[in-house]
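Following this message is one structure expressed as C-alpha cells.
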Amino acid sequence: MGSLLLISVIKFVAYVSIVLVTVIMLVYAERRVSAFIQNRLGPNRVGPWGLFQALVDVVKLLLKEDIVPKNAYKPVHDLAPIISIAVALSTFAVIPFGNTIELFGTQVKLMIADVNVGILYLLSITSLGVYGVTLAGWSSNNKYSLLGGLRSSAQLISYELSMGLSIIGVLMVCGTLRLDQIVLHQTTYLWGWLPAWNIFLQPVAFFTFFIAAFAETNRLPFDLPEAEPELVGGYHTEYTGLKFGLFFLAEYANMFTAGAVITTLFLGGWHLPYAEYLGLSPTMLSILQVLTFCVKLVLVELFFIVVRWTIPRFRYDQLMNIGWKVMLPLTLANVLVTGAVMLLIQ
Amino acid sequence: MGITFSDITSSAPLVSLVLFSFLTLIVESWGKDKPVLSYWVSLLGVGVSLALSFGHLGAGIPVFGGMLLQGGFAGYCNLIFLSSAFLTILLSRGYLERMECHRGEFYILILFSTVGMMLMAGALNLITVFLGIELMSVSLYVLAGFMRKKVRSNESALKYFLLGAFATGFLLYGIALIYGTSGTTDLVAISKLFPQLSHNPIFLVGCGLLVVAFSFKIAAVPFHMWAPDVYEGAPTTVSGFMSTGAKAAAFATFLLVFVRVFDIAGTSLSQVIAVIAAASMIVGNVTAVAQTNVKRMLAYSSIAHAGYMLSGIAAANVEGETGILFYLLAYTFVNVGAFGIVSIMERQDDKKLNFEDYEGLSARRPALAVLMTIFMFSLAGIPPFAGFFGKYYVFLAAVKANLTWLAILGVLTSLISVYYYLRLVVLMYFREGDADLDHSVPRRSMIALAIAAISIVVLGLYPSLIVDLTRSFFKI
Amino acid sequence: MDSHAVATGALYGYRNQKSSSTNNFFESSVTLETFLFYTLGAVSVGSALMMVTRRSPVMSALYLILNFFALGGLYLSLHAQFIAFIQILVYAGAIMVLFVFVIMLLNLGDEKKLNERFSWKKIVGAGLSFGVLMELIFVFAFSKANLPPSHFEKATDIGTVENIGMQLFTTFLFPFEVTSVLLLAAIVGAVVLAKKKLN
C-alpha cells in the first residue's frame, strides 16, 4: 500500500514536470523551426543555442501586470485560463508511455491514471477545453474576443464529431477502450512482418483524426479563433501576463497531448518493431520503449510545427465545409467499411 | 433476444408505417418542390398500415422481446390513430395550400407522430412508453409551429415544447422511482409485483408523477393550461390531430399502465384521477361557454372530454375501458371533422375563426352546415350520434365503480356543454349573416368530412360493433 | 481495492451500514462512498439552484455544466464509468457548448429586462413546489421502502462498456432502434423550423 502511494506521487511529480518542461521546449522548437523555414536564425542568444529563451519568456510573462478590462466580467475572466490549462494538463494522464514494468516488486503501468474507459476520458476532457476559449472571449467584453470565442466553439463542435467517429474505427479493431490495451494490440504483427499499428489498419481514421486534431488544438490551418489579421488576437486579446501565459501554455500542452494521443492510437505507442527479438534485458527493453515513444512523439510534434509554417489558414466557410461535408461522411464511411471487413474476416 | 422475423410480421402496421415515413422522407428530398408526391406517399402509407391493422385485431401478443404489444388492444388503438392521421392528411393539403405553407415535411412529421402513438398504445415497457411519447411529442411540437411566418403558430410551438419538456421531466422521474422500487421497467413484471408495491410510498410517488405526465398529454385540469393557446395557434388541422390522435395515444398509455398493469380500482390513485376528471369537466365546460373563438372553444371542449374519459379510468373496470376505447374512436371522427370544418372556414391571418363568422352559413354552404351540426350534436352527446354512447359507457362504468358523484357531475356539465355546441348550430341556421367561403372546398376535404360524419352515424346506430370488439380484449 | 467492498452503490449506502457492522474494512469504504455521495449531491443540488436563480444566462449555463459534472461524479461513485464519461462528453462537452454558443450569439444584453415582476402565481407555485419537496423528503427519509437488490454479482460490472453494449443490443435492441427514429424526427423538425429558405 505504501509503495503504491509512493509510486503514485513519483508518477505525478514526474508527470507535471515532464509535461511543463516539454511544453516549454516545444515553444522553443516552434520558434527555431519557423525561423529555419523562413530562412531566419530564431532565438539563439539565451543559453546554448538559445535553449533558455523559452524559460526567459516564462519569467517575462510572470512578471507582467495583469490587466483586466473595465467592463470585463472578472470571475469568468479569471476562470477561463484556469479551465484551459487544467484541461490541457489533465488529458495526458491516461497516455501509456511504456510497457508495464517491475518497480519495487510491484507491477507498474507507465501511465499516470489507469482508467478503464481511457479513450472516453480523453474525449470528454478534451471536449471541455472549448470552455476556456469561449468564456475568455465572452468575459472580455470585446467584439474580437467574442468572435474568437464563438468561432472556437463552432469549430470544436464540428470537428469533435469527426474525431470521435475516427476513434470508433480504432475501437472496433482493438475491442477495448483502455489505451494500454490498444497499444498492446498494436504490438502484434500482420502476416508476420508488418507491425499491426493502427495507421496501417485504419489509414482513413488516422487521416481524419490527424486533421481533427489540428482543428481541436486551434493550430494552423485551423487557427480561426485567434486569426491575427481579422481578430487582432481572438479570444486572448484582452489577456496579459500570467493569464495570457496560461493560454499560451495550454495551447502547446494541447498540441503535446494531441501528438501523444496520435502516437498511442495510431503509431503503436511505445512499440519498437522487432525490439523484442533483440534479447535485451527487461529494463533495457523498457527504457528503449519509452525512448521510442518519445521519438515518435517528437516527430509528430515536428510535423505539427512544419504544417503550421507552410500551410495558409482556411476561410471560415471552407472550415465548416470540410468539417461537415468531407470529414463527417468520411469517418462514417470508415466505420461502415471497418464493420463490413470485420464481418467478412470472421 | 434481438429482433426476429416474426416480430416484424406481427407488428406489420407499425413497421410498414415506419418504412413509409422513410420513403416519404426520401421522396421529399429527391423530388424537389413536390409536396404533392409526399402527400400521396404518406396517404398510401397510412392506408396500407390501416389495412394491415384490420388483420391485427385478434389476441394481443408481445413482440420485440416483450417491449411491445401488437394486436388486440394495441391493434384497435392503431385504428384510431391511423384514422386520425388519414383524415388529417386529407384535410391538410387544401388547408396548407391556402395558407401558403404546403411542404412535404408536414406529412413526414404526421407519420412519425403516428408511429410514436402506435408505440405508446402497445408499450409493454416503460422505456417504450417514454420513447413513444417523445416521438409523438417532438413531431407535434414542430407541427404546431409549422406556419413559421405566423407569430401565433410560433408561440404555440414554443409553449407546447417548453411545457411538454417539463411534463417529460415528470414522466422520467416517475419512471425512475418506479424502476427504483420494482427493479424493472417491464410492465408485465411490474404488474406481478403490484400487490406488494402498491403499499410502497416511493412507488406511489412514482405513479403520481406518471399521472401528472399523462394528464398533461391528455390536457386534463390542472395540467391543461397549454391546450387553448396551442390549439389556437397551431395549424387548424394539426389542432384536430393533436386533440384526437395524440389524446387517444395518451389515453391508451394511461389505460395500459394504470388499468391493465397497475389495476388501480379502489385505490387512492383512482381517487386522484377521479378528482382530476371532475376538475376537467367543470373547468373545461364552464370556460368553453365564455369563448368567442371557435378553435379555443374546441380546445376547452377537448379538456372537458378528457374529463369525461378520465372518469372511465378512475372507474378502472371493464366497462370503463371499453367505454373509453369506444369514446376515443367516436371522438376522433367528431373532432377531426369539427377542426376540419374550422380549417375550411379559416382565412389567412387567423381571420374567420369567431362564432359570428358562422352566422347564416346554412344558406350558402348547406353541406358544411349539416356536417358541422352532426359534429356539434355528437360532441354534445345527443343521441343517436356516437358521442352519446361514449358518454353513456364511461358514466355507466363510473356508477358501477361507486363513483356515482362523478357520473352525475359528468351529466350536469354535459348539459352546460349543450349550450355552446348548439350556439354554433343556432348561428348557422337561425341567424341572418353573410358567412361564406371565397374558395371552393377541395373534394378530398369533403370526402374526409363525409367519412367522419358517416362513421359517427354508424357508430351511433351500431355501437355494439365496437363494444363487442373491445370487450373481446379482456377474454384472455 | 476489494471490489466487493464497494459492491453496492452509494444510493444504497445506508443499507450497507446496517447489514455489515461486522466488517470494518467494508464499513470504512462505505463511509467514503457516503461522503462522496453527499458532497456530490450537495454540489449538484446547489449548482441546480444557482442555475435557475442566476440573472445572467451565461452564468446559468456555467452552473448547469457544474451540475453535469456533479452528476458525472455520482455516476462514477456508482461504478458507471461509461455513463459518467458519456454524460460529461455529451452534455458538458457538446450540448452545453451549443447552449453557450447560442446565448453568446443572441447577446441578450441587459439581463435586468428579463426580470419579472412580483405575482401571486409565483407565491402559489413556490408553495406547491415546497409542498412536493417536503413530501418527497418525507417519503424517502421515513418510509420503510424496500429497494430491490441489484441483478449483478458485482456492482463494478454494471457500468462497463461491454455490459451496456450487451444490454443495448439484446434486451433493449428495440428501444435502441426506436431512438434512431426519434432522432430522425427531431432532425426533420429542426430543419423545418430552422432552415432559412424553404421552397
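In order of appearance the chains are A, B and C, and numbering begins at 1 in each one.
Going forward, a residue touches a chain if its C-beta (ideal position, glycine included) is under 8 Å from a C-beta of that chain, and two chains touch if they have at least 3 such contacts.
If you're wondering where the values come from, they're calculated on a predicted model, not measured in any experiment.
Taken chain by chain, the contacts run in an open path, each chain touching the next and the two ends left apart. Ranking every chain by how far its Cα centroid lies from the centroid of chain A, the top place goes to B.
Overall, the chain located most centrally, as judged by its C-alpha mean against the mean of all protein C-alpha atoms, is C. Computed from the mean C-alpha positions, the centre of chain A lies at a distance of 30 Å from the centre of chain C. For the pair chain A and chain B, the distance between mean C-alpha positions equals 54 Å. Chain B and chain C have CA centres that are 32 Å apart. By the touch criterion given at the top, residues 1-3, 18, 21, 25, 33, 64-65, 67-68, 103, 105, 108-109, 112-113, 115-116, 119, 125, 127-128, 131-132, 134-135, 138-139, 141-142, 145-146, 148, 157, 180-183, 200-203, 205 of chain B touch chain C in their complex.
Chain C makes touch with chain A in their complex at residues 58-59, 62, 65, 81-82, 85-86, 88-89, 92-94, 97-98, 100-101, 104-105, 160-161. Partner chain B is touched in their complex by these residues of chain C: 135-136, 139-140, 143, 145-149, 151, 169-175, 177-179, 181-182, 184-186, 188-189, 191-193, 198-199. Every residue of chain A that touches chain C in the complex is listed here, in rising order: 76, 115-117, 120-121, 123-128, 130-131, 134-135, 137-138, 146, 149-150, 153-154, 156-157, 160, 177.
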